[in-house]
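Take a look at the structures listed below.
In the two complexes that follow, chain A is the common piece, with chain B as its partner first and chain C second.
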Partner chain A sequence: MADGHWSRRHVLAVSFQATLAAAAAPALARTIRGEMPWTPGQVDAPYPFDGARFLTPDERRCVSAMVERLIPSDARGPGAREAGVIDFIDNQLAGFYGRGERWYMQGPFGPSTPEQGYQFEEPPAGFYRRGIAALDAACRERHGGRVFAALDAATQDAVLAAMEKGAFDLPSGVPAKAFFSLVRENAIEGFFCDPLYGGNRDMVGWRLVGFPGARYDYRPYLNHNGQRITLEPVGLKGGPTWNPR
Partner chain B sequence: MRKLPPVDVVLVGFGWTGAIMAQELTDAGLQVLAIERGAWRDTPTHFPPTTAPDELRWYWRKEMFQGNARDTLTFRNNRDQVARPMRRWGSFLPGEGVGGGGVHWNGQTWRFLPSDFVAASHNTARYGALPEGMTVQDYGVTYDELEPHFHRFDKLCGIGGKAGNLRGQIIEGGNPFEGPRSAEYPNPPMHMTFSQDQFIRAARELGLHPFPGPSANLTRAYVNPLGCQLAPCSYCGFCEKYGCGNYSKASAQTTILPVLMRKANFTLKVQNEVLSITRDSTGRRATGVTHVDVDGTRYEQPADLVILCAYPLSNARLMMLSGIGETYNPATGEGLVGKNYCYQVMTAAQVFYDDKFTNGFVGAGALGAAVDDYNGDNFDHAGLGFIGGGYIANWTTNARPIETHRTPEGTPTWGSQWKAAVADNFLTSTTVGAHGASMAYATNALDLDPTYKDVYGQPLLRMTYDFTPNDRAMARYMSERTTEIARLMGGREVKVVKREGPYDSMPYQTTHNTGGTIMGTTPANSVVNRYLQSWDVPNLFVMGAGVFPQNAGYNPTATVAALTYWAAAAIRSQYLRNPGPLVQA
Partner chain C sequence: MRALLLATAALAALSTAGLAQTTTYSQVERGRYIAATGNCQGCHTVPGEAPYSGGRPMPTPFGTIHAPNITFAERSGIGRWTKDDFWQAVHRGIGRDGQRLYPAFPYPHFTKMPRADVDAVYDYLAALPRVEKESPPNSLPFPLSWRRLMAGWNLLFFTPGVYQPDPARSPEWNRGAYLVDGPGHCGACHTDKNLVGADRQSRHLQGGELDNWAAPDIRAGRNGGISHWSDAEIVEYLKSGRNAHTAAVSTMAEVISYSTQLMTEADLSAMAVYLRSLDSPARSAASPPAEAVMTAGRDIYADNCSACHKADGTGVPRFFGPLAGSNKVRDPNPTTVIRILLEGARSVPTNARPTPLSMPSYAWKLTDAQIAAVASYVRASWGNAAPEVSESTVRSLRQTLKEAEAH
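Right, the complex of A and B next:
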């Protein structure tokens, strides 16, 4: 800018801010009459991965270890580790999801049935924090002072299996089954979401299963008649094949 | 409280029923104001192809739906439990904002059967008295009366399908059990894919009558009677729970708003929530509504006619908050508002192939084939222990991987074996599902929660609901029929997804919540009369599936729309000439 020229980086930065401004236009009460209230060039943009973190390094190690057993890297290909599932989860917990901003979080909180769903006083980020602390405390107690991330894979699997069954008591009244279930839900989200959100890195989740991603027209394939359709996946921001060679 | 200048008509909520009603009543020359609590939404700004196919954002982070933070409902399975708030949506997904749930529907566009509208008298005549506790009743309106209004909705949307009953003549390839249609569908059926071909072959082998599912995903370019242009569906697999970026799915946005929004006698207020219906000192006449904008400013809006067009759960709650009618009390059986809450009873079987690819991503919300042989009273129920049924269909709606990754029986839910099973079956499996009816029982109801409040301090709605004896007997039967078809579809194996245990408010099932403001034949059995007019307050009308006395074995949208056109016609041809009760109590 000093020499009077706009750098490419500067233009990108400015247009990114403009996009954010458009996206963040506050929801306003208004009265509409005699028109379709459409403004050109405005899109209600998503909130992409922004690097923000909620978890402490120790907490990250615990959740990383959990998701890497839930979706392991193995002979079938990359797993949660390569997909960046931990980055996805950490970023989600640092954002509106972790804060429960769109959930009804008014009390009172009391005994509930499984059919009534999430009934914890903390939003997801706080529930993770309490769950991780309880899990690591329980592991230390039962496994010679070692936290979950320090256990061998077979022991980690046994702990997760017991949590899933509700047969692994955690301190501080943390229901192991509900904690397991939330981490599993978020791990699957992070493995299969659009790469925009920091997970499914290099579309490894989509490649594993053969999902072509955010394409929007499959009319040429309607007569597939049971034959395989092989398509390079694309995300909302495009894909590797869109890069100049 | 600021008092605003009066209008002829105020509509509470602006989804499908609000848009239809606004279009009809502005055509009659009335000044119409719609008040919507959510935001303005249009295709290029809010769900263009560049942002629409985003599974995490719209479904898993629920950005497409009503926010739970300000207002939700509480849920319990029965009266012995303490209801707790649905802190996030699960089993159903009410919409919010312009277009309502009609922005994120699949587009499966069914007409209820003629016998569904007279479920009580029909089943009683054929099978004897209804079981103890079942509170099923007739709608008070017949299929034949609604047919012209179903037809109007078909034309508005450009529904694709194949008629099976054209003015009484049964047509090969359509649904032979449907009520007579006055005309063929405006557009041809969806393009069937491999899975549907297998379903159709299997159903024929069993002597059933398969046909293509009726679809509001456009099968070709179409200009509707209002002049709105819709484009052919591109089978992208992002219909249900998503907005359509292609103008290929019928919604208020694609079929009505381009015309309605330009009318001088129509006004829309967004980000304004109606808090109550106001009445005069007699209590027999609505004087308008009160509403609040997002800044907290409160308004009094006088109107000659008040029409509730919000989601059924919200309509019932607004009636209760306004003290109109008596809230149903299951302990005494007295009161009617909140009575006969019903849902939908879904069962399914999954088919897994070895070397055939179902390619579920080549999908659309209403791409499917169905049989109606086990719906309504299309089969003999003698000795079966239940009434009603459902259609059985093979829809290929999506292969969105967070949501849809089928695994065979016995697969663990995580780890290497799970991952391998997901990878092996993702593109080579499909689901056959039964869309079961839900018959009303005295125990299932809506009322106001005694504890939990919304952001304005008003009580949340409380839902008390569980599957009923009729539901369970029906689900067992439908599961067997569904599995029979699935087993003949040429797969390696079939996994039966059973409907067992109590109703769980969390796993997604359907957004087909019905009842609470039911219609009927007398003020003793219903909240609204056959024209959807309040018995208690004749210048108040209530739209939506809340008026269903019980739910049929179909998706509700077309019946909701037909009832809206029917009510609008009654308002235009009868009420406006002589405002007052359209049915004498």
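Right, the complex of A and C next:
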């Protein structure tokens, strides 16, 4: 090989490895000929909220406190608490999202750009667990032994603002800014998701912004001549008007 | 010794070949067409397996019957049958060994076929590849498993006899009547059955129920289910699987793919002429559902259905089935409407319209009460006046389908 020639042994070794690789490749692709297959009753239904939890009660309190400061209940309407954002996040962490099952989770790990998305070695559930522990440890140290959830609202806001700016160091090398933005992102998802997933309870998020929900057809409203259209929001599993009572 | 064996084998091969030698290409092709008019392939083939090799389960109210292998395979097929044997089966419902066939094999209809046509089907089947494949045993409970019982059934409900043209009618009408009631055996699904599974002649082609599908009234005369279809639209439906009023799904989709789309326009027109001559009794309009049901149904419809079927139920003809005036929707029997909501449906891909469209299943998304409400709504809107659908009807069909799937 050193002189640039392939030895017989080398060729054999390479082709053997190639065969192994081909055999090990999972059969994700398949060829469909003629008509598209169709099976009665087959459906790509969403994975609805199933009540499963990942977080411990203490961890839940911490994340609840975070999301309730991010989307507070105030004069403008219900917030993360009423929307059940913590139920959404906890259920997601207990499912395939928490396990990072649908992501590429191999190396290399390390510094990345925001465009590259989630780049941590551990899947979101593990990252939450480590982040919460670090946040509570940091709060105990700086705020007289009190965990994040036990702080008053103003102090919680200050901690979150500092995390967002990257001006709040967490122990065990947890990147505070990244942890903050993950929780923030999940809080928004939990506030505006379809109610099917456990968050956006009673469609409070949609009502706040006037989103009419998962409707298929807006043709009846095309000629509204600029008039305001108020429609009750509709989720994937419908709304109260779907039930004949 | 070896030479002798070889010679015997060669002779044996020659004698089988001898049968085939008498059949010409045109005779085989004639048989192919006649077999298509009878949709033989539909029942005698497990989808995806060798044509006519049998084994397909036919669920009946009495138990499951498996269509036999009718390739000319020696052991598991009908390779040892003579033309007379085949005629006895098709014309009289009697198998080669003398035992009675079950009328899941529609010999009460096929008996109308003339001998020459039955012989042509025989020659066609003889020309097909022979596939040795045993059909699973039937699961009929005693005493139905006792085939002799069918002799009594035949005595009561079966009149053997080749179709006799009605001289008062046009040749086209007679051809249509022969195709519809003979090889086409439309009544096997579209005619209501009595307690022992025989056609109720008084309700000929006025709708039936089979295997958890409602087959609607297909008469095109006064008050008939398809009286609003033109002759050309009937032909278009049978040829392409779609027309301005509907799209074929499920069992009818099979009938169209294996049978009617392969038939000549002249034959399909003749069927339309015959169906046009059949009137149905007037339907009484059902009382409309309660306001609460209609309101819920309207909202469910707006949020789930209207994007394709349109707010006024007119759909997009030949793409998304119109619901206003639909024969399936207006059927007094709501089974098909409920089942399509539960399972979804796919319009049949045909040679004329090869791209099927499918409707998704709503079983995961709508409760029994919601399916009942939206079904009741479409059955009572836009001029439709079919009876309301109850929640318990939906619940029991959902359960039945779940059990059928588990089998």
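Heads up, the rule we're going with is that the second predicted complex is superposed on the first by the 201 of 245 C-alpha atoms of A that agree within 3 Å, B and C clash if a C-alpha of one lies under 4 Å from a C-alpha of the other, contacts with A are read in each partner's own complex, and residues count from 1 in each chain.
Following the convention adopted for this analysis, a contact is a pair of C-beta atoms (placed from the backbone, for glycine too) under 8 Å apart; a residue touches a chain by one contact, two chains touch by 3 or more.
Keep in mind it's a predicted model, so treat the numbers as computed, not measured.
Applying the stated contact rule after C-alpha superposition, one finds that A:Trp38 touches each of chain B and chain C.
By the touch criterion defined above, A:Gly166 lies against neither chain B nor chain C after alignment on the C-alpha atoms of chain A.
Put simply, more of the residues of chain A are touched by B, taking chain B and chain C as the two choices. In the superposition on chain A, A:Asp217 contacts both chain B and chain C.
Look at A:Val209: by the touch rule set out above, it reaches chain B but stays clear of chain C. Of the two partner chains placed around the shared chain by superposition, chain B is the only one that A:Glu189 touches, whereas chain C remains out of contact.
In the overlay built on the shared chain, the residue A:Thr241 is in contact with chain C alone; chain B does not reach it.
Of the two partner chains, neither chain B nor chain C is touched by A:Gly126.
Common to the chain B and chain C interfaces on chain A are residues 35-36, 38, 42-43, 45, 214-217, 219, 236. By the touch criterion given at the top, residues 290, 292-293, 295-297, 299-300, 302-304, 306-307, 311, 342-346, 349, 354, 356, 358, 360-361, 363-367, 369-370, 373, 401, 405 of chain C touch chain A in their complex.
Interface of chain B with chain A (complex): residues 39-40, 42, 44-46, 48-57, 60-62, 67-69, 71-72, 75-77, 81-88, 90, 191, 193-194, 197, 232, 234-238, 245-246, 257-258, 261-264, 266-272, 293-295, 297, 353, 356-359, 361-363, 399, 401-402, 405, 413-416, 419-420, 422-423, 426-427, 451-453, 502-506. In the complex of the two chains, the chain A residues touching chain B come out as 27-39, 42-46, 69-72, 74-77, 79, 96-97, 100-106, 108, 110-119, 157, 160, 164, 184, 188-189, 192-194, 196-197, 205-206, 208-219, 221-222, 224-229, 236.
Listing the residues of chain A that touch chain C in their complex gives 35-36, 38, 40-43, 45, 214-217, 219-220, 234, 236-239, 241-245.
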